[in-house]
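Two complexes come next, and they have one chain in common, chain A, joined by chain B in the first and chain C in the second.
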Partner chain A sequence: MEGILLFAISIGTLAAIYGMVTLALNLETGTGPLWDLGIVSFFGIGAYAYVILTAAPAEGHQHYLYGFGLPMWLGVIGAALAGAVAAWFIGLPSLRLRKEYFLIVTLAFAEVLRQLYINEDWLTNGVAGIYGLEQPLRGLVEARQYTYVLFALAICGLLAVWALTRMISLSAFGRACKALRENEALAITAGIDPRRTSMVLYVLAGAFTAVAGVFYVWYNTLVVPGQFSSDLTFFVWTALIIGGVGSSRGALFGAFIFILLHDSLRFLQVSGETAVTLTSLRTALIGLLLILILRFRPNGIFPETRVVFKLPDRAKAAEGAKRKGLA
Partner chain B sequence: MLEVRNVSLYYGGICAVNDMSLEVAEGEIVGLIGTNGAGKTSLFNVITGFARASSGTVRFLGRDVTGYSGPRIAQAGMLRTFQTPVGFPKMTVMENMLVFSRADAAARPSIFRGASPARAVLEEAMEFLAIFGLAARAGDWVQDLAAPELKMLEFARAMMAHPKMLLLDEPAAGVNPALQGNLIEHIGALRRRGVTFLVVDHNLRFIRDICDRAYAMADGRLIASGPTGDVLNNPDVIRLYLGGGAGEEAA
Partner chain C sequence: MINRFATISRRALLGGATALALGSAAPPASFAQEGDIKLGLLIGLTGDMGPWAPALNNAAILAVEEINAAGGILGRKVQLVTEDNNSAVAGAVRGATKLVSVDAVSAIIGPESDPIVALRSFAKDNKVPVISTSAGTEALDKAGGTGTYIYRTNASDSFLGVVHAKLLLDEMGQKEIALVVENLEGTMSGANTFRKAYERLGGKIVKEVVLAPGQSSYQAEVRAVADTDPDMVFLAVGQTAGVNFVKQAYQRGYDWKYWVTAELQSPDFVNAAGVEIVQGTINPVSSQVENAESWERFSAAYEARFGEKPEPGFYQAETYDAFIAVALAIEAAGDASGEAVDANLTKVSGPDGKKVISFEEGREALKAGEDIDYEGASGSLDFDEFGNVTIPATRMLQITEDGSWQTIKVIDSSNFPAN
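Right, the complex of A and B next:
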């Protein structure tokens, strides 16, 4: 029984981490105009930046040069900064492009980065990865209970990203992003600079995703390049489409549904052969869900809703207009 | 206020605007007429930073704004509309208003401050919506508006920016006569508030009703200019419109 609970908590932690990335993607794609097919880039950059900043110096059998052994909080800040800088760097050439090309270029960058993690041994220890990484608040509880602590941390992280992305999308800046999403030419006539606005948005999403990458390191206690393939980008896109593009609730819900379908079968103790079958089954299951969603709820389970303001009284407004001699 | 000097614009080998010059003084409503493909929209694009002139200069409020980007021109106080009415479909009418407000423009750089707009801004927006008969639709998505409502929204949101100059690209196209009267009133009211206009339209009666002066274009060139009545009675212009099929009905 406790096994099931621990497993559920562990899956929940993973879902919370995916949730952060899905929220960041929703900021770019749901609120803003950016069709980012390379969001895994920032997830990976965040993870590696954190590890390089905080890991202990390499041991004899390891090749990486830098393990600065800095405190974790510095690692988190460093990761966010690295994500932001990476976004700026990738955004410089790619945000000049039309939507469709942006999509391709971001995908290509993600692949380039993965090759970098694999080939730059001195920085990343290559395919062997870096293991045995420390987790925050580890000493607080006994080992068995730590799953709960990490879950609580991930939920806090998720709530923080949720609150921030929500605040951003409801701000004047968020409205500008939405305007660009809806009609770039018209947005320009409102004085909105597409390139600059998109860049800020992209950098913010990069930073959020990078922080999610740190949680992923805590979750796994290791980094290897294989964790940052473009599969993750597609997973997160799938989660967002299922949940509802443009809706934070949808982004959260989509991430949890996705992880539930994708990872809960792992719990079953089965033979290797059955495991292979199950793996392809779950992919088929998710594909089926995606098709059903697109067919019957094309805007997702929680479609984007209208932004509601507490509107001033209409009659008073009409009066006011008259008084000022506008009508 | 606006001064266009010898502007030309080429699309590949096609010359869309050929050595055009025009002037609009503060407080004027100036018309720009010409058959389809004459280059009116292209000239608008050059003036508002949507296209880069191959040659010539544009001055606005005494400043040389040739080659300014679209957002910069907008920030300088020149607003334009598009030939087909547009809005931000999946944003509410109120959000559409806010995007054009000065308050939003000023708040854009501070991403982490003040999520919801100030009361005064909402009230101002509501007043403008009331004037244009859209107050009841403030909370609805723009994609749910009827075509005439969208037309009104174009004016209402322009007010939020407090523009010095409005460039209207075929405001009367596809608008029924009753609503046209409405438009004329609104344009008049805006002018009294100090807005200067440059208006493109095919509907010559509409142009006659609102414009002090007019310019006529054909094949990218200026063919006539002067007081609206004179331009509309210019033999070249009449020939053009009769030949072009727009017909006497309009005049």
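Right, the complex of A and C next:
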């Protein structure tokens, strides 16, 4: 029984990491107007920035020049900053584009970045990757129990991202993003600057995703370019769509249910011989389930709900101002 | 690591589907009777390694069936638990966690380069040996061995680099060569180790050209190679790029001889490129020495069970050997824990002791109180202090006029330096 719990905890950790990315994507796509097909860019940038800042210098057969060996907390801050800066750079040209074109360009940028990880040997150690990376609070508990520690850390990270994205989407800034999403022309007449608002949103999402990338490094203890292909983007998008675009509950639920779907089918195995067939069927089964979910819940499992904002009462405010004037 | 294209036959799929339909009526593995010894196979059934994984699974099935037919380990039945690692790191971590936490396997066999590197501390923390049967990565050259819970039964890329270099220099008298490499983990690693060994042993690389994966035209790269007018070209590339490259060189009228890595050693490569273009191409694959009893025995058993011969270079023999060696280690220890396997794996695989080539033979010798040395189907399988093995022989395969790969020579490589 403890074994199944340990396995569930391990899956839960990964789901929490994906959950952070899904929440960040939800901030861009659900709250804001940005259809980002390149969310994996910042995931990768965060992971690589963290590794370069914290890894030990290269061994004889490795090629990377920089392993600064800095403390982990600096690595995390560095990763978030790198994600934000990368988002700003990518945003400069691509945020000038309309929805569909933005989508294509972000996808292209993600691929360009992956090629960079592959080809810039001196920075990333190329296709061989950088491995043997340390995990936080490792010495605190007995090695086998570490799964729980990493899970707790990932959940803390997830809660932090959840609280921050929620705060942002409920703020005046979040309302501006929603206005842009619904009707850009109307938003502009209301005095919202689309370029600036989108940029801030994009940079924030980039930073959150980059931090999720750090957790991914802790989970895997190594970093290779193959981890940052667009598969991850599509995975996160699918999770968000089945969960419900625009609702953070949906984003969280989507990430967990999607990972669970993938891994619960591992328990179906009967013998070594059926394993090959079962695995190929697994992908088909997941596809079928997704179709069914979208057939019966086209807006996701938890669709976006209306939020009622309590705005300051104008009449009262005016009255108050008048009284002050009289006094 | 290999990187080739292959197709799964329709019959295999149908057979599998039927097996699945029948199998789903049986109780799931997690409720198997207590007392079974479980061995895990963690391979990329989906993802990049997908086309090759079923062959490895077959080798594992064969090993486990043989062990059970011989009465099991320590009189207990052996159960194979196959897990997918999506050919990726995160998948390997999840798969390994499931194998250890839920199934409590005695050992995990099979992870490829990136996956096993990611499992290094996992293996030690959970006291479960992780044994790769196809990882060429240099990261394992000094990482494994007794006490680290990390092993591999295939040769390191560093060793293969030496093999390529020695064969080119000693057997072919080829002192100069142009090197064409595709930018993928497996091919880069292979080319790097080859370059190091070749230059150290006195060869000269006249030109090195890197192919970006997935391009349809390599005209510029062909021209770059042609500038140095080589008579032989070393190709460390995947199937698609390889076919494109040799075709485009041929169309421009270049008649180079090719020396290729394992990635191109398949009938598909010959069919796609055309016999007239690639005839005479040579590829060295690691193998057992010619007519080795252990290989012949394995090959016959595999063919009888699955209706096709195992291919040298496909890592089936390496996978089979890993299972048998683990089984013997458990038998020797009288204990199925991961710790017991780690402590005994190097011992039962030699080089000292009575030579045995099957599980049954080994168990009898152990019962008689003898030390044993398991001689594998893939090689002598003597783990060194770093959990690595050397390969006793290398088979030089050449593409003949009719387009098949034929063994032209088997060279004893047991005395080649390890890197």
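What we mean here is this: the second predicted complex is superposed on the first by the 291 of 327 C-alpha atoms of A that agree within 3 Å, B and C clash if a C-alpha of one lies under 4 Å from a C-alpha of the other, contacts with A are read in each partner's own complex, and residues count from 1 in each chain.
Here is the rule we go by: contacts are C-beta pairs under 8 Å (C-beta built on N, C-alpha and C of every residue); 3 or more make two chains touch, one makes a residue touch a chain.
Nothing here was measured: the structure is a model prediction, and the numbers come from that model.
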item	value
Touching partner for A:Val276 - first (chain B), second (chain C), both, neither	second
Chain B versus chain C as contact partner of A:Thr189, first or second or both or neither	first
Partner chain in contact with A:Thr165 - chain B first, chain C second, else both or neither	neither
Which superposed partner A:Thr209 touches (first chain B, second chain C, both, neither)	neither
Contacts of A:Leu6 with chain B and chain C, given as first, second, both or neither	second
First (chain B), second (chain C), both or neither touched by A:Ser247	neither
Which of chain B and chain C A:Asn125 touches, first, second, both or neither	neither
Footprint overlap on chain A, comparing chain B with chain C	none
Touching residues (chain side chain C, partner chain A) in the complex	13, 16-17, 19-20, 23-24, 26-30, 41, 45-46, 53-54, 57, 60-61, 64, 79-84, 88-90, 93-95, 97-98, 100-104, 114, 117-118, 120-121, 124-126, 137-139, 141, 183-185, 188-189
Interfacial residue positions of chain B with respect to chain A in the complex	48-50, 69-71, 74-75, 79-82, 86-92, 94-95, 98-100, 103-117, 119, 122-123, 126-131, 135-136, 138-141, 161, 189, 193
Interfacial residue positions of chain A with respect to chain C in the complex	2-7, 10-11, 14, 61, 118-119, 126-129, 131-132, 143-144, 146-147, 216, 219-222, 224, 226-227, 263, 266-283
Complex contacts: residues of chain A adjacent to chain B	167-168, 170-173, 175-176, 178-179, 182-183, 185-194, 197, 200, 204, 246, 304, 306-314, 317-318, 320-321, 324, 326-327
